[in-house]
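We call the chains A, B, C and D, going by the order they appear; numbering starts again at 1 in every chain.
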């Protein structure tokens, strides 16, 4: 127990020393960025007080960040600025002379209903606002998905299984098109809920699983490269901007 | 001779362009301005645009006009471009709207939809346009005003007919199968491994005396995947209440938190243990993607849940969560409709609900015949998709592209 | 009352938005955008609930001196300093008229020096986790896992010079077997087919889920206590 | 069962569930060591990148090149090397550089790039004569659509607020068609695709692009009819840098970010593949041993 404590003190001492040195040599901004980066990476070793510090700071700062963005970016111009433009004239002069939009009372009303949650007696009324939100989501998404994903994907699968170009029959494309056709069909068969995976249907579903597994493997392998470049960016920051070790 | 040719072109245009929108050109637009070409031989002003026509944009709510004009091909090289002007009467005050390059012969006038704005464009009223040719020598030639043109709002978007057919068809299927289910018709659904594992996973947490972590993802309530996750949370929370283990639901969005609190509270009520619910189970972390991940990682490391659910909308954080969860030895059940993230869950979690299965999960867990009926409707939808694809492929083989056009959506 | 009114609201709002999608004419043409805007505004009201909840959770932790309570001070300090900097636009070059995130303001300084490095570092953890997940999960345990492994491995190989080098000697007539070409083919053909099947399935799932919600068949989100 | 067998099986099981921190150390080393050594990987230039390089290399002196910074800090490690290489080449060709952004996050990156490349490497260049920073404008594809017709209506000032007509190199710019080449960097939305659809195609303006590895396959189909050429990910950047060094030997001693990024990526890839192979080998050894000690065990 005491050795653990001692190690803790030594680490803290090193961190403080590095911090002071770095502020003197490199300035506050880079030092804060570098130390926070190291604190986050320390999580890879194990959970520790430095990660906890970075994590708690991140949570607090980010929550306030989005609250401020929401207030100045949405609430002020889109609610107050539309409900009664002169009110925001001192902040956003461009909106001052716009006509008021009385319909904006609706979101104001719903917003206030939502806040009634804080009261234990009238809390149930807040569900009206939530029902509006859920209804909006359902209505908007239904048509959106039908339009873009559903119909567009079907029509782009309608490809000729027998492909021929200017140079006559094209074997490569014929094979590729057939694989796409069979892949989509068997993938769809796999997703059937109300049919048992037996017989011909079962063969289709098993082919579907194979196609899905190829897809997942390919997407995974493909993303590795992009993920590594993120790390390279951070390491460049640490070793170049902070330590100046890269020539 | 040149004048005669232009006159001929204008007449031709009046026949070609849709009759309703073009009341144009009773008078010859090529007048004095064009004549001046002859009188000033040194730096002549550019030729005038002619044949102004305007048409309402289809499938919109009005306030937009497409203005087209013509220009003598041999004179295009003399000008830098055009200016487009609009007024409410041929003799009224014209406003400059914008410019077009010298080889553009049309301009989409997007008027303001609100009344007091200066470039407001009312529906069902007359507008007149002028096109000014700007010569390379700096001289300008105005065309005769063209008009009146009108803009209208439409009551049905024709390009979306296939979507409407889809909505009606799918709505009918759903109605039919829900009705059939109400009458007590037995519906078979094949087992889903991820769903079968839910009971086992919660049971394990109970045995180990550890909490269950439920992550609704980083979607807001505007994602349908989040709504699907609420439905699953309701069933999961009920089981947890029955088993009397601990539930943790850290939320990314405040509205999601509010709904999740209601869902969990009523699940505990249904399970007959309202006293065990507290608002501390469902709480807000932050709505910044990676700050949320940092927070949830912390929760996993310190509270050591035995079972993790990741159901809803996920982005790049999926693998960070799943790998941290794996390192503490939790059983993990995931599901998302984000295609790019499914592979990470498949690789790092014990069970993954792939895409559509996420939406079916609440029906599976609830075993409510009405919900199962809607799954049957989905299967019929898939059947129709497959039939359409087969017909479409056959059609392309025989070179009949018309079939593909039938289901095209023109926005 | 507690149950019926919300169900009715969902039904009316959902159905109206579906109909509105087909009607460009006013007021339907903009209904979807209007409602999305209302949604955004309600979401800002919800921030009050969220922020309040965050503060409450951490003050509780502090007052009850639960484990790790000193870190709650960090969260609360970060939260209130950032909130003040943003809401009051402290140090903003254009004062209260300026953009909240204008360069030079305290809000923007905190964002650049704290938020950005933390975000990028959390994101960069992925590079490590991609490695550990590959090691653990890519085992030829059964048929499915083997296919997953082979497909991922071919892509990985094909995208490094190693892949090119391994299959450089292949004659031109069968050049499609060169690893980079093979990797591209997997991405463009079977991968595309799988993604398409999933997308069509998801679209059907979304449509069905939306209908269930609008028709009131799926009502879990409202809570189930009927009083 | 003998004692020795137990130990070796134990070792294999241990190795199979190897502490993941060991993998982390290897990945970190794979990234850091090439960075510190300044090691870089030469990439033979493929036709799609070569086409882009050659196009720029044949631009006459004084050509106007528009560069749109459509990316953010998270993808900057991949994209920035491309921007730097293209800028250097354009300056060697004595082109006039117009920099803008349709991404809000691109705004700061333009300023940063000007400081790091133009001001430090080419101090003789003059702002307003040789290059201009137009900054970010909102509007996504709508903005692009308007710029095709009328540039100055949207850009009435530069990023610093100077009136656009007082900037010498802006005098002859009326719309996007006055540019000889447009570069878009970044593969998200809005990005290269929107530049092609709303500027390149309708205005017949040559478009070149640089994007992340993830978005490259979505853009390949536009080459060569709608795209002059495309750099995809670190590999594309490294290929472009290679072409640059071959054409302009003065750059051969300069560190090239794309090539060193490619080195780090390749080494990490190999490390990950090594662990995948190791995992499988150990798995099969373990399974065979299990099978031999427990006959009739798992199939």
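Here, a contact is a pair of C-beta atoms (placed from the backbone, for glycine too) under 8 Å apart; a residue touches a chain by one contact, two chains touch by 3 or more.
Everything quoted here is computed from the prediction, not taken from an experiment.
Taken together, subunit B and subunit C share the touching chains A, D. Averaging Cα atoms per chain gives one point for each, and the point farthest from that of subunit B is the centre of D. The leading chain pair by number of C-beta pairs in contact is A-C. With centres defined as mean CA coordinates, subunit D is found 29 Å away from subunit B. Spacing of subunit A relative to subunit C, judged by their CA centroids, is 3 angstrom.
For the pair subunit A and subunit D, the distance between C-alpha centroids works out to 21 Å.
In whole angstrom, the spacing between the mean C-alpha positions of subunit A and subunit B is 18.
Counting partner chains per residue, subunit D has residues 20, 24, 27, 31, 74, 213, 265, 268-269, 272 touching two or more of them. The residues of subunit A that reach two or more other chains are 40, 43-44, 52, 54-55, 58-63, 65-66, 114, 117, 127, 130, 133-134, 136-138, 140-143, 145-146, 150, 154, 157, 181, 184-185, 188, 191, 212, 215-217, 219-220, 222-225, 228, 230-231, 233, listed in rising order. In subunit B, the residues touching two or more other chains are 160, 163, 167, 170, 222, 224, 227, 255, 258-259, 262, 284-288, 290-291, 294, 302, 339, 342, 344, 346-347, 354-357, 360, 375, 378, 382, 385. Because contacts link each chain to all the remaining chains, their graph is best described as complete. Remark: subunit A residues 40, 43, 47, 51-52, 54-55, 58-63, 65-66, 99, 114, 117, 126-127, 130, 133-134, 136-138, 140-143, 145-147, 150-152, 154-155, 157-162, 181, 184-185, 188-189, 191-197, 212, 215-217, 219-220, 223 touch subunit B in the complex. Chain contact summary for the complex, subunit B toward subunit C: residues 59-62, 153-157, 160, 163-164, 167, 170-171, 174, 178, 220, 222, 224, 227-228, 230-231, 233-235, 253-255, 257-259, 262-263, 265-267, 269-270, 280, 283-291, 293-294, 302, 316, 319-320, 322-323, 326, 337, 339, 342, 344, 346-348, 354-360, 362, 366, 368, 370-371, 374-375, 377-378, 381-382, 385. Every residue of subunit B that touches subunit A in the complex is listed here, in rising order: 114-116, 160, 162-163, 166-167, 170, 187-190, 221-224, 227, 255, 258-259, 262, 284-288, 290-292, 294-295, 297-298, 301-302, 339-340, 342-344, 346-347, 354-357, 360, 375-376, 378-379, 382, 385-386, 388-389, 392-393, 395-397, 403-404, 407-409, 411. By the touch criterion stated above, subunit C contacts subunit D in their complex at residues 103, 116, 119-120, 123, 127-128, 130-132, 134-136, 138-141, 149, 152-153, 156-157, 159-162, 184, 187-188. Considering their complex, residues 18, 20, 23-24, 26-28, 31, 41, 43, 73-74, 108, 213, 217, 235, 265-266, 268-273, 275-276, 278-280, 283-284 of subunit D touch subunit C.
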